[in-house]
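The structure under discussion appears below in the form of structure tokens.
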Amino acid sequence: MPTLNVAQIEQTLDVTCDTVIRNEQYFSDLDGLAGDGDFGTSLATGFKVIKAELPGMDKSAVGAMLLKLSMLCSKHVGGSSGPIWGTGFMKAAFVSKGLEEVTYDQLTQMVGAAVEGIMARGGAVRGDKTLLDALIPIHEKMQEMDGSDLGAVLAAVTAEADKAIDETRTLVAHRGRASQVGARSANTPDPGIVGVATILYDWCKHYGVDYKPQAAELAR
Amino acid sequence: MKKLVNDPANFVPEFMAGVIAANSDLLEAIPEFQLIKRKNVDASKVAIVQGSGSGHEPAHVMAVGPGMLTAACQGPVFAAPPVDACYETIKSVATDAGVLVLVNNYQGDRMAWDMACEMAEAEGIRLKQFIINDDVAVQDSLYTVGRRGVAGNFFVMKACGALAETGASLDEVYAVAERVNANVRTMGLALTSCIPPAKGTPIFDIGDDEMEVGVGIHGEPGRERTKIKPADEITEILYKAVQSDLPFSSGDRVAMMVNGLGGTPPAELYVIYNKAAKLAAETGLTIARNYVGEYCTAIEMAGCSLTMLKLDSQLEELLAAPAQTACRIF
Amino acid sequence: MKKLVNDPANFVPEFMAGVIAANSDLLEAIPEFQLIKRKNVDASKVAIVQGSGSGHEPAHVMAVGPGMLTAACQGPVFAAPPVDACYETIKSVATDAGVLVLVNNYQGDRMAWDMACEMAEAEGIRLKQFIINDDVAVQDSLYTVGRRGVAGNFFVMKACGALAETGASLDEVYAVAERVNANVRTMGLALTSCIPPAKGTPIFDIGDDEMEVGVGIHGEPGRERTKIKPADEITEILYKAVQSDLPFSSGDRVAMMVNGLGGTPPAELYVIYNKAAKLAAETGLTIARNYVGEYCTAIEMAGCSLTMLKLDSQLEELLAAPAQTACRIF
Amino acid sequence: MPTLNVAQIEQTLDVTCDTVIRNEQYFSDLDGLAGDGDFGTSLATGFKVIKAELPGMDKSAVGAMLLKLSMLCSKHVGGSSGPIWGTGFMKAAFVSKGLEEVTYDQLTQMVGAAVEGIMARGGAVRGDKTLLDALIPIHEKMQEMDGSDLGAVLAAVTAEADKAIDETRTLVAHRGRASQVGARSANTPDPGIVGVATILYDWCKHYGVDYKPQAAELAR
């Protein structure tokens, strides 16, 4: 069974930084449709710092690196995204505390812990039209699969996030700023879900995993 | 982008440096956390803090001063401050009498302050958190995070700040926050969009002949988009939404605020006040105090909001008490 | 037209009605002449009057109150008031101590006030007229009517108003007007045009990437049209024009004003102040008092002006004296 | 020799009201080029009142009617135009005081008195790029002609005003708001001159006097 070590996860995070920084404007524009237009900037501000600090971070364990990431989110990401992403990384860090590499099962548990933490932090549930509508099915899909082919897992979870964009598009948001505009959040994609899907799709491209995007926001 | 800015990334620190430069007798900053606090905090009195996205000036960092906030931190434009800035804000003014944390009801602000409050309490700081939600434009239901906190925030800060100056306890100051919030209602309207400096483009599009009724102070869509109407009709829409919601009724004494959203000049705000005062008289309300100007802006959005607060004798006294912030005329 | 207005023809009377409704304890109006005056004028003190086009609020009718103007009348937006309004303004507050008529240097205002003063003097009213001309953008020469009166006007009103309250004579108040005017300089800058309600269209066209350096408060063209520059460079242009003109030099104590032209939000004005304060420090100036906000607008024009006044100990006292107008925060 | 009685002058003034009211926007737009864009509105506001009050005015003499007109300008015309036009009408009223009709010579004196009054009021001289650059040559032309053919006089003075538009176009204004913008008032027509020329041209049309306008601002 394949495992992921600190260096491999660092690499993935570095790709994530690039994705977030490159999409600053696009993510903010999406947030402008039913929100307040800061999602891209908030995230990119933090990930610019993460990108810069990643090389020098404590690499003694996966958990140590993720805890530092969580702290950088608390410090440099404003808006709802700071607490949400900060909480997610923190919970995943707790699961991977002291581990120099993580197994597929541990990885799945990390995602599960992040999902639970985010739900507790913001009170959102599935169907509230937040990035949890991507993360929850991703976690379920990871539980279903055995992890022998990480490429296949990546393609499968990207597909979940991709699907979530279109499946939630017509919903009315029940959490976050978008929920305060009532019916007018319907027929706009949720920027958080698009963000998660875009990150995963960029991982596919980076690792040479073949994936054909469906939602307009991915296939642009 | 038609703005007086340098590198947009420095917009918030630079304007905060300007606020401090202009008020160095009264205020000091902790730039690392985009935090402004009063000089000489009195440890025997309740401290009052707040912190939210930038772009609403004079709210929130410019509302720091004797009789108002004790400290406040700013996030980037329209984004809640990072968790650690909130935490440092509480810590920087934590008094023996305790800290009242006033949070406008946005999920981002709430989550950040929740985390910060947990951290501060874990260190033994005595505090209470209060959530402000005066925006009647939000059609509340079980499935949302509830109404937004907007210009009514001013009255919560003013009343709490005045009461804290008297040496009242944390519970007493908290109770006044509750009473103001329970009796204050706001509704906003936008004629134009606005441009967050880092975004560089308008936050929403709106036609040359359109207005957004019930807009949020971050440009969030409101109740509806309609053709621009004459000022008197606009005032009626805002007034009815606000008046009917509490409701305010004949015999009530109220404070009325016509708040400019940033791009609307003073004279237009008085055109609105002129009509709103007439409508209040028709309802049988007595306007005991009025406020016309910029209190909670949405960068350079053109438009206004109307706020009414139902007064009792204590609130009337608290509003009349002296206070001082970075906003001055003379 | 993105404005909070009803019939544009009623814009001025309606906003003035709003000002009176919001300040009925302090002020009263004579609507026929678009005139606002203080209640309870003290006949033993010098009265100070002004009157100019509308669209510059809080100047000029909103500058009426204890320690500021005794009365003011408004013309239509950007047009001097009619002669008979000027005459009635003088008459309405004419005191035994005399009337100081403060006129901003525009030919329309001057001609109207000249005629009004002649009429008032013919009736035995004691008065003096003083012309304010602080705008350094105007390249003065024998062949023009000279520099315009802009935001520096605030300091003339404030100093004269404070001195008049002490019971000073007309000659003494006039002398202070002279001293303030001789020591005050202003330069403005526009990012956008503005729309007089009755005109319904912008007063001038300006490209999306352009700014007008030295603009007048009625949208008059300034010294040059350039590409928009960062806030710090803009501040340098304004500062240098103002500083070098008097000139202000090392060791001087000054009052500094960053005045918003109507469409620029508070935070941007503090970005300008932040840089201007640094430039003043480099010159060796001490900013004894500062003013950041809207004092003299050009309807909803985006932009600002920078004003500096060189102080002496009497002026510093006069600026610090209490005053009250229709503009309030609390 | 033809004379002009109160009713005839009233008629001319009524035509003038229509011209000013119809051109409100255009005159303001011209004023926006180097001034503050209020010339049309200021003038039209006053002439709307004049139009309404004209029928009920004291018609005992030309002077009485013009004095009332002057007072309405002082009361209802803001900006520089109030004192300028008010002074002009007042001085003409003094010359025609008590006269039920005026001769051509008296008419010429009235225009001369208005010119002098306006010069004294605002300190402008010929070449300062104000409406005096139309009124002064008009007065001179009237002095040259004998007034036996009023239609010919009207055509001739209209031509003077028309010429003044183009002759002053390239000048830099030395009076009024436009003077405060320095060289930037060059290559814009003076709205006051265009106003005078437009009024005269409309008189030509009303009285069937043939005139071919030259300046672009008249021939539109």
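Going in written order, the chains are labelled A, B, C and D, and every chain counts its residues from 1.
By our rule, a residue touches a chain if its C-beta (ideal position, glycine included) is under 8 Å from a C-beta of that chain, and two chains touch if they have at least 3 such contacts.
Note that the structure is predicted; figures quoted are calculated from it, not measured.
Engineer: If you average the CA atoms of chain A and of chain C, how far apart do the two points sit, in angstrom?
Structural biologist: The separation of the two C-alpha centroids amounts to 55 Å.
Engineer: Where the centres are mean C-alpha positions, what is the separation of chain B from chain C, in Å?
Structural biologist: Centre separation, chain B to chain C: 29 Å.
Engineer: If you average the CA atoms of chain A and of chain D, how many Å lie between those two points?
Structural biologist: A distance of 74 Å separates the two centres.
Engineer: So how far apart, in whole Å, are chain A and chain B when each is placed at the average of its C-alpha atoms?
Structural biologist: That pair's centroid distance is 32 Å.
Engineer: Which positions in chain A touch two or more other chains at once?
Structural biologist: none
Engineer: Assign the assembly's chain-to-chain touch graph to one of these shapes: line, ring, star, complete, other.
Structural biologist: If you draw each chain as a dot and join those that touch, you get an open line.
Engineer: Which chains touch, pair by pair?
Structural biologist: All chain pairs meeting the touch criterion are A-B, B-C, C-D.
Engineer: Sort out for me which residues of chain B touch chain C in the complex.
Structural biologist: Going by the criterion above, the answer is residues 1-7, 11-12, 14-19, 21-22, 54-55, 57-58, 62, 158, 191-192, 208, 228, 230-232, 234, 262-274, 277, 290-294, 297, 299-300, 302-304, 319, 322-323, 325, 327-330.
Engineer: Okay, in this complex, where on chain A does chain B touch?
Structural biologist: Residues of chain A touching chain B: 25, 28-29, 32, 34-38, 41-42, 45, 71, 74-84, 86-87, 121-123, 128, 172, 174-177, 179-182, 184.
Engineer: Across the complex, what residues on chain C touch chain D?
Structural biologist: 9, 53, 75-85, 106-108, 111-112, 114-115, 138-139, 143-148, 196, 198-199, 201, 203-204, 216, 218-223
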